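Heads up, there are several structures right after this.
Two complexes are shown next, each including subunit A; its partner changes from subunit B in the first to subunit C in the second.
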Partner chain A sequence: MYHKRGIWAIKAKHGGVFPRHEPKEAPPKPAEKPPKYYPADDVRHPIPNHRKHKPTKLRASITPGTVLILLAGRFMGKRVVFLKQLPSGLLLVTGPFKINGVPLRRVNQAYVIATSTKVDISAVSAEKFDDKYFTKEKKKKKNKGESEFFETEKEETKALPQEKKDDQKAVDTPLIKAIEAVSDLKAYLGARFSLRAGMKPHELVF
Partner chain B sequence: MPFKRYVEIGRVALVNYGKDYGRLVVIVDVVDQNRALVDAPDMVRGQMNFKRLSLTDIKIDIPRLPKKKSLIAAMEAADVKNKWENSSWGRKLIVQKRRAALNDFDRFKVMLARIKRGGAIQKELAKLKKQNAS
Partner chain C sequence: MVKGRQGERVRLYVRGTILGYKRSKSNQYENTSLIQIEGLNTKEEVAWYCGKRMAYIYKAKTKSDGTRYRCIWGKVTRPHGNSGVVRAKFKSNLPPKSMGGKVRVFMYPSNI
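Moving on to the complex of A and B:
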């Protein structure tokens, strides 16, 4: 092993001695005082975790403007336009709403088939959307009195704030213009995808 | 019902198994009871078992073991490519390839076209039925 690592050659280059660096001058540590208090029991401290997640690697077939097929959830089978990847790794996607009822929505890459059809998305700016835009608002806790235990709480149906409706319109109008420029694309996005007899998913080209 | 397609020098065959699946080759010599020497313009001449070949109707006029240049010239003279692409077998293969390469959007457009065609046919049929009834 000594010979394989070539230690003999390094030694020969440096006159028979393996080169050594002098240890760096460490900065002088401040004098530690003995602690005033020793806890009675040994306390286990959790090891701090400093790992930061990177956003999920985006598949090469998914680029801004790609038509995606959603595979799960309420909009299963719907064909949808991809806008951008959010910092959490989820994909920002829109129907457009007027065409197939899918609003601006987050979707996981794993539940999506990327088709090779692309829509021109240059006129759409999706810069302002991030994960905070999509978080649910926290429900305020009500103080429970005894009488209220027996009453069923009426769920307040939250109407969609006008701001979100305006955002949807702002994203969709240039997108719909680009979609109508291609023949049949609007009907294509309005239709759901399904497997028929004889279709083999592993042989289909999307 | 005698045989019509024979293994002979110059017989064009379709490879139906293996690395060269789907390629049109010419039988250039017979090695023994099971194997033939086979050649094509874009392939190195090599042996192939007859079980891997499906004989076609096309035959070209070549001597045994022609040089590559004369093989290509003979194939041009017999117009193998066009004869194959116009034959029903050849056309079927081309359509199969085309269908397999269809995009999801293309498949949608094909569906719309089929519905449209069906509609036009039904309209004509209804017209003829009406004429017949009256």
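Moving on to the complex of A and C:
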């Protein structure tokens, strides 16, 4: 084993001695005081986990401006424009809202079919959107007496805040201009996709 | 399932028929069902559907979660034989009364 590892060759190269570094100067540690308290049983420390998730790898067929077909959820079958991939890996997508009622929304790549139709998206800036924009607001919990208990139930439904509506408009207006420039694209985005009799998905070219 | 929506109904699934359980002449293995997907006739065509989720939907007498419809989820696992029949595993085994019944094979998780 010694011969196999080649230690003899390294030694011969350095005149019979295996090369050693001098240990680096460690920064002087401050003098630690002995702890005042020793717990009776061993304290378990959790092993630190430093792994970070990467966003899901985006399929080659999905590029900014691609028209996607949503396969599930409230808007299933709708054809929708892809804007960008968010740091969580989900896709940011918009109808545009005026055309098919799909707002700025996040969608998982697995629930989407990418078509070969592309929309020119250079006029749209989707920089300000990230996952935090889409999180639900936390309901404030208050300890209520019985009489006030019935009142809070009426506050459940909230109207969409005006700034979200403005964001939607800001993204959609340049997009709609680009869409109207292409013939039939507006009607295409407004229509929903559906399988008909005799359609075989494995033979369809999207 | 349409949740009382008046909107356009779109079919985003392929219809499939439940043929029975994976079996030999005198033994059957209920954890795997055999499904005949519409339009599939060869083993090569099945490759697109492998991994796709499917749902067996049935009605019950009592309401649960606000609806009488219930569902067993599953997925296409592999082809079965040479003629487009497919093996599928469900979250819980399909009940024997489902034989000959319909299953919805969805197009997700999609890879297109």
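In this text, the second predicted complex is superposed on the first by the 159 of 206 C-alpha atoms of A that agree within 3 Å, B and C clash if a C-alpha of one lies under 4 Å from a C-alpha of the other, contacts with A are read in each partner's own complex, and residues count from 1 in each chain.
Quick note on the criterion: a contact is a pair of C-beta atoms (placed from the backbone, for glycine too) under 8 Å apart; a residue touches a chain by one contact, two chains touch by 3 or more.
All values derive from a computational prediction rather than experimental measurement.
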* Asked: For the three-chain model obtained by superposing on subunit A, do subunit B and subunit C clash or fit?
  -> fit
* Given the superposition on chain A, which partner contacts more residues in subunit A: subunit B or subunit C? -> C
* To do: Based on the superposed arrangement, let me know which partner A:Leu195 touches: subunit B (first), subunit C (second), both, or neither?
  => second
* Asked: Which partner does A:Leu90 reach: the first (subunit B), the second (subunit C), both, or neither?
  -> neither
* When the two structures are overlaid on chain A, which partner does A:Ala187 contact: first (subunit B), second (subunit C), both, or neither? -> first
* Asked: A:Ser116 contacts which: subunit B (first), subunit C (second), both, neither?
  -> first
* Asked: Given the touch rule stated above, what does A:Leu58 touch, subunit B (first), subunit C (second), both, or neither?
  -> neither
* Asked: After lining up the shared chain so the two structures overlap, which partner does A:Phe206 touch, if you call subunit B first and subunit C second: first, second, both or neither?
  -> both
* Asked: Looking at the overlay, does A:Ala170 come into contact with subunit B only (first), subunit C only (second), both, or neither?
  -> neither
* In Å, how small is the closest CA gap from subunit B to subunit C once the two complexes are overlaid? -> 12
* To do: Using the superposition described at the top, list the residues of subunit A that contact subunit B and also contact subunit C.
  => 193, 206
* Flag every residue of subunit C that touches subunit A in the complex, lowest number first. => 8-14, 38-40, 45, 47-49, 106-112
* Structure fact -> In the complex, the residues of subunit B that touch subunit A are 100-105, 108-109, 112
* **Touching residues (chain side subunit A, partner subunit C) in the complex** => 59, 61, 71-72, 76-77, 110-114, 192-196, 198, 200-202, 206
* **subunit A residues within the subunit B interface of the complex** => 67, 69, 79, 115-117, 184-185, 187-188, 191, 193, 203-206
